[in-house]
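Chain lettering (A, B and C) follows the sequence in which the chains are written, and residue indices restart at 1 in each chain.
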Amino acid sequence: MSRAIILVRLALRNLRRQARRSAITAAAMIVGGALMIFSLTIGDGGHEDWIRSGARMGSGHIAIQAPNFQKSRKIDDRLAASARGAAVSALQSPSITEHTLAVVPQLAVVGLASSPTGARPAQIIGVDPIAEAEFSILDDKLVEGRYLEPDDRLAAYVGAGLLEGLDLRLGSRFVLTAQDADGEIAGQLVRVVGVYRSGVPEIDQVVIHIPLTTAGSWLRSGDDVTTIAVLLESSDRVERTSQKLNRELSAEIEAGDLTVLSWREAMPVLDAAVRIDDLGNYVWQGIMFGIIALGIVNTVLMSVLYRKREFGLLQALGFTPRQTGGLIVTEGIILTFVSGLIGIALGLFLTWYFFRDGLDFSFAWDEDWSFSGIAMDPVFVPLFRTTRVIQSLVFLFMIGIFASIYPAYRATRIDVAEAMKFER
Amino acid sequence: MNVTDMNDRNSAAVRTDAVWKIFEQEAEEVQAVRGVTLVIKPGEFVAMAGPSGSGKTTLLNLIGGLTRPSRGGIWVEGRDIAAMSNRALARMRLERIGFIFQAYNLLPVLTALENAEFPLLLQGVNGGERHRRVRELFERTGLAGLEDRRPGKLSGGQQQRVAVIRAVVGEPALVLADEPTANLDTSASDALLDMMEELNRDLGTTFVFATHDPRVMERSRRLIRLVDGAIESDERRGSEPER
Amino acid sequence: MASGPWWRIGWRNIGRNRRRTLITAAGLAFGYLAVVVLIGLMDGLTAEMIESGTGVLSGQLQVHDVEYRPERKIYDTIGGRDGADVERLVREIAADPVVEAAAPRVFAGGLVSSGESTVAGILMGVDPELEAEVSSLMNGMVRGRAPAAATNEILIGTEMARQLEVDVGDELILVAPAADGSMGNDLYTVSGVYQSGMAELDGSYAVVPIGTLQILVALDPGRIHEIAATVTDPWMAPEAADRLTAGLSPLGLEVEVAAWTELRPEMLDYAQLADGWRFVVIFIVFAIAIFGVANTMLMATYERRREIAVMLALGTTPFSIVRSVLSEAVALGILSLAFGAAITFPVMFWFHNAPPDLSWIYGDYTIFGALIRPRLRVEYNFAMALWTGVALLITALVASLYPAARAARVPPADTLSGL
């Protein structure tokens, strides 16, 4: 124990003695650490935003559906009443409701929307107007008219893309055609009550919201739904919540009545986008810290070579080569860890101070940038996560150790007699 | 040289007037040079002797413009060093003054020849002329054949001879040598002194040594003894050199 | 004075502490590698996005009636209700020097039904031979073949085939609102199944021969909605669009010729942002690398302060000392650059010719609806490789400014006596 204190004290003094060199190396670490935490918080914030917007334009962070529905998209694969009941009661357990923002029923089918001008494939979603307004962000993207209301019957809320494509306007009537629960082709006349523009062509040209009651009578499916969409307070909760649901609904799942899909499974394309963005971020950190690590290797190595005599003396006084190496590693770790800590703190502070309301890229693009089915908000609001800070610290710690290994190895190989021989 | 021939004062190689050099060390004040006044005429072969700490190296550095006096004036060939910019001082050292150090101080990355021709390079002398002059001095000093060696591959005596060539190759009016023989054995010291005497005689170069080597004092023609930063004695020995 | 000895001294000095020089050079070389490869990857992503976004369906150039976009009404055909001489138009467009191929198209929304199930689809009428040169759909067959001209054959995507539970040889009923307000319907045979990788596309686009579709939706043979064209280099498309606009005007048709840059402005924005981002990458990487170089140069000049004092004593000006330190930095930079280039170009060559497959980490994803495959595709960009080299040398120079300034201020007398 006391030996460790001596090591730390010696290491600290040596770092102080080479103040300028230590400072420059530390500066690299500080800049690197700050940049790392900045890009991680901004990246995480961006991802959380993408996920939330993907979830709120579609089927939530978690979707409970019949096993086949994800692939078939057919009304045949809707949730049986019993399965739905089980799912709803599972969702009411306190440990889940605590982190749940909204649970909505959806009846989603693929059909054709046609007007005198032409016809377009459409994804028609029957929704509960009040619940959906809470859940979805499409109602916030209103450009004309209004969102669905509880008393609406033949109302449709359509995207601007589809509106243009079918040459419709607010108040226009058009026909929805799809296969109903009995396997017949059924048509339904609806009227445009509101128009939205989400910025995502895949949504604006395709997605139509109609009241669930209208959908039920049109498709002869009654109160049935295809999806129970769950919106959580944060994507961090997804894994735990779906595990819990899987446990509670294991009987229904085994019976093949339903399945619990996370957003990653429901939106594989968005999942890929988040993964590649994270991967890119990690590669970027790897590159930066690779360069920084080389700088640390150099600094620590030079301090070893300058201090040959001192190490000779330490070993003559009874330091083992292992302890000498330990001293060097201690120096490297203190240097990286302290400067890394400063860098992370600085990064957190600067990110919070300057960008807590978001890093605004709207000079470069506006809201019509979309990828993987979501509109990319040009404002990135950083997300601060303790796990990220801990991850970063561990990472910096590893960098410190790795960068000191070679210099430490060199220090252990100093020939005591040789080092002591030269009187200056 | 012929900066001017207005009067005798300006024709001195070196003139100092009540020069002081005070170093601030921590809280302590060290008076390294205390009011030295002296005149060295062109062509003199002067040794400044004294125990370590007597201020002889500092005085040499003051004359060479490597450090500036705290008080008093220094004139080299009639020019007031205190009034000169660092750049002008560098130019003066390059063209008028040669330095020889105790530790040789050759640049390790340059070969013997390159070290010797360094001042000529700085002066912009063309390659052919540089090599001619350096090779001639190498011949005269027995270094021929060692031109392409780096300092690390030369003996102490050889290194110091290269250093002397470096000091005189630009044909300066004044050579300042700080303990040039301290690291050399007797025969190497003698050879070096022979060489410097010869240059003094043939080219009229003024030599000023800081030394405590008795042999150097013996062969000097003027011996200034310094104690605690002040002149204790100043005696001329032997004859002035024939110009 | 000629170049002086500074360059020689600087160059030889970097050889004095080989290990340190090597580590420092490794840092810069690694930075060079990282920047050039990252820029290559960014260019690769942009190229992939443009190729995939324009190559699957839309082509890099489209010609429409001026009224057609954005509503895409079925009766807004080229040349209005009278139609146009399609063959001649296609020929004129294909004659442009950068256009590789051009193909006429008719679009209609409709229902595709197998009897058991029905899906909504976009029906695209094409000239099978010409279309094969423009759209990769026609070449993305997983089963069967493209529909033959003037037959009731249909090519559908894997997703639609799955939803309809049909395969090659099965019959499908097509129902589509026609241009005259009636509903057209007819029986078609599946000739092939394609896969583009984009589920929405594979589930909604069905390809039929152009003449057959014209009959279904009551359009005359001279009435088409679009002529799509591919060009040799996507970046030449806007130029070609301007040229074609001028070239087609004597025909007296009210057409617009739009390049992908106009049809997909967000892709152009993205490409431009990526271009700007390159310099951010260069800046950050070398801003980090600069510390390592500064430290090395500081150590190097500190170790040699005695030599510097000697040089000053011999009459070297402080400015020349700065020059010698800067020369050393440039020498170090050149060494690093050589080292960096030696490791970078093989990596670039490898990535370019055999892009590493990352599908084990992540799947396909889309940017602006364009499918991006999970692989590290790099594009060569020699201009940027050159600029990165310049940035590396500037980094070495800037990093040594402070060490050089310190070196020039070495007090000669103290240093020489002090040791």
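Methods note: contacts are C-beta pairs under 8 Å (C-beta built on N, C-alpha and C of every residue); 3 or more make two chains touch, one makes a residue touch a chain.
Keep in mind that what you see is a predicted model, and the values were worked out from it rather than measured.
Colleague: If every chain is a node and every touching pair an edge, decide which shape results: line, ring, star, complete or other.
Modeller: Shape = line; chains linked end to end, path left open.
Colleague: If you average all the Cα positions, which chain's own average lands nearest?
Modeller: Answer by centroid distance: C.
Colleague: Can you work out the whole-Å distance between the CA centroids of chain B and chain C?
Modeller: 69
Colleague: Starting from the mean Cα coordinates of chain A and chain C, work out the distance between those two points in Å.
Modeller: Each chain's C-alpha centroid was found; their separation is 25 Å.
Colleague: Where the centres are mean C-alpha positions, what is the separation of chain A from chain B, in Å?
Modeller: Taking the average C-alpha coordinate of chain A and of chain B, the gap between them is 73 Å.
Colleague: Show me the residue ranges of chain A that touch chain C in the complex, using the header's touch definition.
Modeller: Those in contact with chain C are residues 20-21, 24-25, 27-28, 31-32, 35, 71-74, 110-114, 116-122, 164-165, 167, 177-179, 183, 185, 201-202, 206, 268-273, 275-276, 279, 284, 287-288, 290-292, 294-295, 297-299, 301-302, 364-365, 368-373.
Colleague: For a test of understanding, state which residues of chain C touch chain A in their complex under the given definition.
Modeller: Going through chain C, the ones touching chain A are 19-20, 23-24, 26-27, 30-31, 34, 38, 70-74, 108-111, 113, 116-122, 162-163, 176-177, 181, 200, 203-204, 266, 269-270, 273, 276, 284-285, 287-289, 291-292, 294-296, 298-299, 358, 361-369, 374.
Colleague: Could you pull out which chain C residues touch chain B in their complex?
Modeller: Touching chain B: residues 1-2, 4-5, 8-9, 12-13, 15-16, 306-307, 310-320, 411-414, 416-417 of chain C.
Colleague: Which stretch or stretches of chain B touch chain C in the complex?
Modeller: Answer in residue numbers: 57-58, 61, 64, 66-67, 86-87, 90-95, 97, 99, 101, 105, 107-110, 114, 118-119, 121-124, 166, 178.
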